[in-house]
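To keep things clear, I will list the structure first and then write my remarks on it.
Letters A, B, C, D and E name the chains as they come in the text, with residue numbers starting at 1 for each one.
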Amino acid sequence: MSKEKKQAELIREISGANPLKCMKCGKCSATCPAYAEMDIKPHQFVSYVANEDIEALVQSKSLWKCLSCFACVERCPRDVQPGKLIDAARQVVVRQRGENYLKADEIPELLDPELPQQLLVSAFRRYRR
Amino acid sequence: MYKIAKENLTALFRLIAGAQELYLPVKTAEQVNFGVWSEDAEVDLDTLKSVKSPKDAFFPQSENLYTCRKDGKKISIEPEALKEQNFVIFGMKACDVRGVEVLDKVFLADPIDTFYAARRDHGTIVAMACHEPEESCFCKVFGIDCAEPAADVATWMVSDQLYWKPLTEKGEALTKTVESVLEAADDADEKKVEEEQSAIRGIVEKLPYSNLSLEGWNGDVLTEKFDSALWEELYKPCLACGTCTFVCPTCQCYDIKDYDTGHGVQRYRCWDSCMYSDFTMMAHGNNRTSQMQRFRQRFMHKLVYFPANNDGMYSCVGCGRCVEKCPAALNIVKVIKAFEKQGGEKA
Amino acid sequence: MQRIGVFVCHCGSNIAATVDVKKVAEMALLEPGVVHAEDYQYMCSEAGQEKIIEAIREKNLTGVVVCSCSPRMHETTFRKAAEKAGLNPYMVEIANIREHCSWIHKDMEEATKKAVILTRAAIAKVNLNTPLKPGESRVTKRALVIGGGIAGIQTALDIADAGYEVDIVEREPSIGGRMSQLDKTFPTLDCSACILTPKMVEASAHEKINIYTYSEVEKVSGFVGDFTVDIRKKARYVDMDKCTGCGVCQEKCPSKKAPSEFNRGLNTRSAIYTPFAQAIPNVPVIDTNSCIKFKTGKCGVCSKVCQAGAIDYTQKDEIVSQKYGAIVVATGFDTIKLDNYDEYAYSQSKDVITSLELERIMNAAGPTKGHLERLSDGKAPKEMVFIQCVGSRCADDRGKPYCSKICCMYTAKHAMLIRDKYPDVNVTVFYIDVRTPGKNFDEFYRRAVEQYGVNYIKGQVGKVIPQPNGKLLVQGSDLLDNRQILKEADMVVLATAIEPNEGVRKIATMLTASIDTNNFLTEAHAKLRPVESPTAGIFLSGVCQGPKDIPETVAQAGAAAVKAIGLLAKDKLLTNPCTAQSDELLCNGCSTCANVCPYGAISYEEKEINDHGIRETRRIAVVNSALCQGCGACTVTCPSGAMDLQGFSNRQILAEVDAICR
Amino acid sequence: MSIEAKEEFRPKIVAFCCNWCSYAGADLAGSSRLGYPADVKIIRVPCSCRVNPMFILRAFEKGADGVIMCGCHPGDCHYSTGNYYARRRMTLLFSMLDYIGVENGRTRVEWVSAAEGVKFSTTMNEFVEKIHSLGKNVRLGDLRCRN
Amino acid sequence: MQELIKRAKELLENGTVARVLGWKAGDLPYNPEPAYFDSTESLADFVYNGFCGANLSKYMIEASKLEGKTLVCLKPCDTYSFNQLLKEHRIDRDKAYVIGVGCKGKLDIERIRKMGIKGIEQISGAEMEDEADTLTVSTIYGEKSCKYADAMLERCHVCKGKEHQVYDELIGESKETKDADRFAEVARIETMTPEEKFAFFQKELSKCIRCNACRNVCPACSCRKCVFDSNKFDSAQKANVDSFEEKMFHIIRAFHVAGRCTDCGECSRVCPQGIPLHLFNRKFIKDIDEFYGEYQAGMDINAQSPLTDFTFDDVEPGIVGERG
């Protein structure tokens, strides 16, 4: 198995989403608040995973522009959940760097002191499922 | 005669079981029945009667006769192997030993039942005198002395000693193999056994059924008994279950059936009861169509037909299990008494 | 002992590619009773059937096992073939080695092994089969059509024209259904009312058709050819015989605030009302929820103004019980609720509407008298946005997984009509796919784009945001240009998914007709029996079976009618011989079986019995085989095993179990 | 359990399917090519209410490792009420089997409609997996039927 | 008892009944047998005491076929069985004259034997006139005594109550005997692990000798021909070749009487091997009560039996696993 194939599989596994369900309706892109800043748009992101073109995704700006607001996840009519795919891709990158697991005592360091508490709490809530 | 202390019995059992299978009264879920001895079996020699008689050591409730196998269109038949290993059955009572004699008359007469014969050949009976006979016992009526069982080995439990007396060659042979745990008994011991025997006999005299009379059952009474109007009344509470038959030491009827295992067919035999509505059911139907007839059959067989064919030997041994276990409180004693009473009235 | 022939079908490569059919035949020969086994390319073909017939004749077969596709497919075929050869058709059993074997397993060895076992089970069963003879039952020459929309009307007309009595039961006060709410129809742009009303009139005037409006099916019992149906005629509070349909009551009614169901709640109606002007029957009903008389006891205006004296406040619901030979379900559809699609702001803005609401707005008899205007402020829109696939093709439970089929075409129709009538209005359609299979459909859609300049954008809308200025900000994506679109619109029209009408599940349950997870009634076979329910005597017409447009609905309505006519034309029906039977020697007469029989097929009689020489009068169960449908509930509830089911007897099923577990 | 041992054990599984819903659902699984292990063998019965507890015990007697019964969804029975009776019977039977110490997962009831090919297939896959996890049935069978 | 005999004589004499179905004194202190009495003289042997545990309602099936009415003596618990048989059309109410007899709990000779009491000659304290506190047993091996309650049948400790569900008249006093929870033992087994449950039942059922006493005494098992005696299911079996057969027999038997079993306890009373067979029936009763609402067979003759009834929202069979 090629590296990209493995990565694509990993993304599918982590996200639990199936990019093949996508009907290319574009509702994710239509919904996305960070659309303008993305080089690979959310709906394209799905086809990149489906086509196993992971290197491009890993190099993309989009990966870090996604706000994880999960509007696309909520509204996707096909349950493809692009937001989770993007998040999974991020995780793959993080794992590649050998930072597979985050230890609890590392978290405070990583946090921006300006970060509103509520965002943190809601992020945990969202990522939990 | 030999003796062994009660607390050393386990050593005796272990020794016997080391060389051959050992059956003896074992308590499982509150009930005592004969079973195979093992280290963790709860041996119970105090309970007078096992629920089931020990007859299934020689005539199991069910046993395979042969197996048919099918391979493609070819069919092969494998007969079941006969018992080849020696075994000991320990703790049988005098009545049960007589029960085996009754079975012998049936299964060892021509044509010999090879399965039964093999088990008889390989089995050694160690009998035990009845320390405290109970009110349901009536072995005396059939001339059985429960103080002196006639087996390969007779034993007596007197307080904390078991006295051991080989009576036959088989008994002697068994004794040889266990001599290491036995002690020779002296005159004082002999005396103790005699005392125990007379105590037992004394109790037997006091038992309510001991003076039951079989007069009226011997001789040419078949038609008279068969046609009696009493049966019509006696059978009424009978539930047509097989309890009496299955606990009885002498009932010997069996059915032969086939079982499809999926890989072949096993032909096996299993105990049957003349009380069952489908007993001796044949293609044309049943030759005894009413429960009265079936009820009558059982007692006529025990008290009339069997003695007529076996030199007057009744096929009841007075163990009293049916007296204790019948769900409707019917039993052979009540039947005998009813006829006696009727005879009395007539006279 | 039976003489059984086993016939293994290759089904081309459908079976033979994964199952070693030769091996199956070879192994079958080793089973008890099997005297013949062969395999063939297509057992269901003429030549294949001929092989079975030949073998039965030549080898005096008493039983046949066909290893092939599902018995639901060809059991009848093979049973008929056996009958031709003089064998009782019920001596044939099918081993399903296609759907249950070759199609689901990939490994040849494994599939073959399983096929052998399935065949073995079928052989074991046939060994215990006995010849069965079907009974006969009568056919009531009358049909019931549930639903008075275009599907129901067309079915009723076709059945009635063939000379049979038909009753239509319609829940609403008038027949006409969804089609009566439409303005124009694609692709010809006919006026919907103009083509529907004549049909409604024809139905109401037909001497063989009896219409129950404002009525519902209450209870169904019986079976094919002999259904008994209770119909609840809801109280109208207006005497149908006396009312002249003058309409004065509706004019004078002081309570006019009830939302109009017909106009999708876009305007109001009076408490006493007919849904629309051309209603049939043209007799109003009183809506007791909004009627002042019913709410307060005072008023009674309608009664005073009615010259015919038709108003009767004391009317009660009435139950009519009627017998039918066939029942056609034509319960139609509704649009789904949009509660779960808040992103489209349907509940937030009056200017976000469904397509069906647009139909009413465009209609001359509608709430705006046919003028296109915003419902919020009555202004004429300049920018209109249509959103496709709202709730359709949706994988989660917010919407429906299926394509609603009609939306692409009616949206093109709406866009075209608007551009035609109001050329200054810009129309944008957001779509995922445009689906136009159908005669003149794609041409129609292209005209909307090319001739009328409708702006079609490939991409969905993510969000509609009502603006303070009253406009609607539509945020969508254009996938082909790869950009996000923000567009201000005056009106947004949602092509809302359709779903079977509420209550169809209840009706399906009463009819014991099967229904799928989307509440569409299931057809007996997706391809070969599309207008019949698997339950004999129940037929399907229109959208209750699946989304379809008007011409398809009418075509299916006709097809359902023909199927019903085919049934009604028979004088007698052969009944399934697989019915329960009680062994009178074993029966206790305890009545337990009768307690579970859904058909009331079991009764008891005192009978003189000869039980192996014992003669006595016993109470025993007797099964009426014309009523028994063969479910087998009684067989399990019977403690003594006296009750058994022919064709699925205890011993047959146990033999199958044994054969499988071997 | 090692992987090899798992591969060796091929459970025997009997599935009773009602003619109108579940058997058709199984057919649909077939025509949709939705696979499940070949260990499952289907017996067609007219209705789930035709399934006698005796049939289920018989399957175990003769060596089945699992028995599953499928019928129309409650309310959708072709015979109106059959599956309601079946539901009570099976609930009690399964409870009794559990009571005497037969592993609970060996029996199952699932309602599968004619349209639920996917459900049929996933149910069978799940059930086979469950039986694999339970291993060979040793508590409810006749010794004579074992190889 | 004397009142009962007096009344029976009256009814025989005035022709109301043609016979009396009761118990006849046995030849041992504890073995009275069910019996018919068709003359006033024969009633001399009539007995009704603590050892009259037999449920006579099943005998009414045969008695219903006879000419004239049968006076049948039914204890409170027997009346449930009588009702259930009526419901199933197995007996004829018009052929029965039911005298509801009082009950102070019935005695179990096996329990007395288990206390080590043997060689029994006489037992006093078991008569209906007695207080039912103590039994005095004179034996060949000396006099013994025990508490009446300790010698009672298991079923009397979980008595359904001393009210007769059906009767023409009542004679005799009763005494409450319930001192235990009917479902406690079932509940205890339910909490065992599967291994423990299996071991428990395996041990108990291994004693079964397939004598059919439980079946033949059971008022619900009144089939003309039992499935285990007929070849309809290929299930005719007499043998206990393998432990499976006992499980099959007892599960199916319990299933066949589920919803019909009144929990009269006769099966456990008659089992020669002392198998607590009521644990099967009570399991079904407990489940039925929990799943479908409380139901007592034989109480309301018009109530729909739980297995021939349903509700749309009954629990799914999966509940068994979920309950844990």
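As a convention for this text, contacts are C-beta pairs under 8 Å (C-beta built on N, C-alpha and C of every residue); 3 or more make two chains touch, one makes a residue touch a chain.
Just so we're clear, the structure is a prediction, and the values are computed from it rather than from any experiment.
The set of chains touching subunit B and also touching subunit D is given as C, E. Among the chains in view, D has its Cα centre nearest the centre of the complete protein Cα set. Interface comparison, A-C versus B-C: the pair with the greater number of contacting C-beta pairs is A-C.
Comparing mean CA positions across the assembly, the chain most remote from subunit D is B. Averaging Cα coordinates per chain places subunit A and subunit B 82 Å apart.
Look at where the CA atoms of subunit A average out and do the same for subunit D: the two points lie 41 Å apart. A straight line joining the Cα centres of subunit B and subunit E is 30 Å long.
Subunit A and subunit E have CA centres that are 70 Å apart. In subunit E, 225, 227, 233, 241, 307-309 are the positions where the chain touches two or more neighbouring chains simultaneously.
Multi-chain contact residues of subunit D (touching two or more other chains): 53-54, 62-63, 75, 81, 85, 89, 142, 144-145. Counting partner chains per residue, subunit B has residues 259, 262-263 touching two or more of them. According to the touch criterion at the top of this document, the contacting chain pairs are A-C, B-C, B-D, B-E, C-D, C-E, D-E. Those residues of subunit D lying in contact with subunit E across their complex are 53-54, 57, 60-61, 74-75, 81, 84-85, 87-105, 107-109, 139-144.
Residues of subunit C touching subunit D in their complex: 70-73, 96, 98-101, 103-107, 110-111, 113-114, 117-118, 121, 505, 508-509, 512, 514-517, 522, 534-535, 578, 596, 598, 629-633, 635-637, 645, 648, 650, 653-654, 656-658, 660-662. If you check the complex, the residues on subunit E that touch subunit D are 186, 189-190, 192, 194-202, 227, 233, 235, 241-245, 247-248, 251-252, 254-255, 258, 280, 283-284, 287-288, 291-292, 306-312, 314-321. Listed in rising order, the residues of subunit E touching subunit B in the complex are 26-28, 31-36, 54, 59, 109, 114, 118-121, 139-141, 203-204, 206-207, 209-213, 215-217, 225, 229, 236-241, 266, 269-270, 272-275.
Looking at the complex, you find that subunit C touches subunit E at residues 583, 585-592, 595-596, 604, 611, 616, 619, 637, 639-641, 644, 650-651, 654.
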